[in-house]
């Protein structure tokens, strides 16, 4: 048996319409590439990415900061309430073969940093400009680079 | 949207044929009851439970102690390498609406204790005899009681 | 440099006067044996053990479940708010060379189970009667056995 | 009872002589300010900061990534082996009232990000230039700003 790759899509829990559109396209591209999507399970970029993945027939996993599974957005298939608060960011990174960061604040920055620290590839769209983060042109390009 | 219940099946990573048969029946019963199965993702009772769930058309989640997704048994749909070692036992319990313990050693005992501490129902089959653990007659009975 | 041994004293956050007296004697015995004391940092058995250790000139560490250092009892020298809730029990065990359990409920049981799982010696006073737990006669005996 | 403040000093496990000198001065300034020092417990910036704190009569805490207390540098008073690998970075931040970052790579960046995410003040010396990080002139200035 060959396991499907797992791509993390990370970004802020509140996002403007433009960024959500990008995140939705990234989610759809993840699913079309035959990968599963993992994220923090909440709103904003996370919800948009899950919505995109589900629309394209994919599977979505949400690693929630709190202890209530009901906090997951409606497009999460497998909701795991970790109860670790922001420490769950480390688990999102560990769960993934590659990370696509879409916009994002300090929480996203922590996930990028953990990924770079542990050698997980990071592709960025309108996110932190850091050495080691591969800038992508668009959603399709981001997922292609993440899975390269 | 209504999320399916999540049942944890916990037990040792090495088990005899009898216990594996019980675990497989528990996994199948979880799937037939319309619930998802979460476990520690490794062998023995965990693998047998996942095999049973997949045979009955269910979905399985494995929260692995290490950092390598490839350590998951072949019947895990969603493998999450936590890198937390035994601390992942806490996450298995948090992820579940109810726990079914099948046999088991000290690791299983820690999961039973965490569940009882946090108010998650625990049903047992040939496992630790503790106040708070509901003894079940067989696999079907165990899952029925877990979801009651 | 030789590091002092670290002994975990575990037990419930609420305890009767008898059990608190035992816990205080255990804490004092830990300090007199030249070991540091680690615990969950809260009340009941934890506070009594810390009080005993401080009265005997020892050093105390509290690994708190929440995020507020102020939740530590007054006899904790080093208070570490982990924000991991009950998962901090795993850290208390990992931090210790040996565990002394005084009374206790399900949380204490989880700590005993983790210790036995990972090969850390467990000595018990009026606690869970389990294979692997060494029953002690009194506080002094418990600490002597823990450090043996 | 009033608890002493806790300052985290974060930075790379390998550092050049210049950066170690700065870290040592930061550690000494933390101790002279009457605060305890918490860090990741290993070498480089962490060891230098602990050495500085001990030289000035302070108390040092090391939250180690692995499970072996012996991995702590020689100037750590209280060594806590967390077994959480890089996830222990989150605990270092949670344990602190303020963070002083000295140089540093991606691990340090993750700690800065977690601190900014959770509202813990961050002061930097020759470290990541990010919005929210207060740049300090020297070690004394850094600790003064951290405790302001």
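So that you can tell them apart, the chains are marked A, B, C and D in the order they are listed, and the count of residues begins at 1 in each.
Here, contacts are C-beta pairs under 8 Å (C-beta built on N, C-alpha and C of every residue); 3 or more make two chains touch, one makes a residue touch a chain.
Remember, it's a predicted structure, so these values are computed and weren't measured experimentally.
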Greatest separation from chain A - chain, by CA centre:
C
Matching chain pair for A-D (criterion: over half of the contact pairs shared, by residue number), options B-C, A-C or B-D
B-C
Inter-chain centre distance, chain B versus chain D - centres from mean C-alpha coordinates, in Å:
40
Counting only Cα atoms for the centres, state how far chain C is from chain D in Å.
27
Of all residues in chain D, which are in touch with two or more distinct other chains?
67, 83, 87, 90-91
Once bound in the complex, which stretches of chain A touch chain B?
1, 3, 6, 36, 38, 59, 61, 63, 67, 69-70, 72, 74, 77-83, 90-91, 94-95
Which bits of chain A are touching chain D when the two form their complex?
86-87, 89-91, 105-107, 109-110, 113-114, 116-118, 130, 132
Residues of chain C defined as touching chain A within the complex
67, 83-85, 87
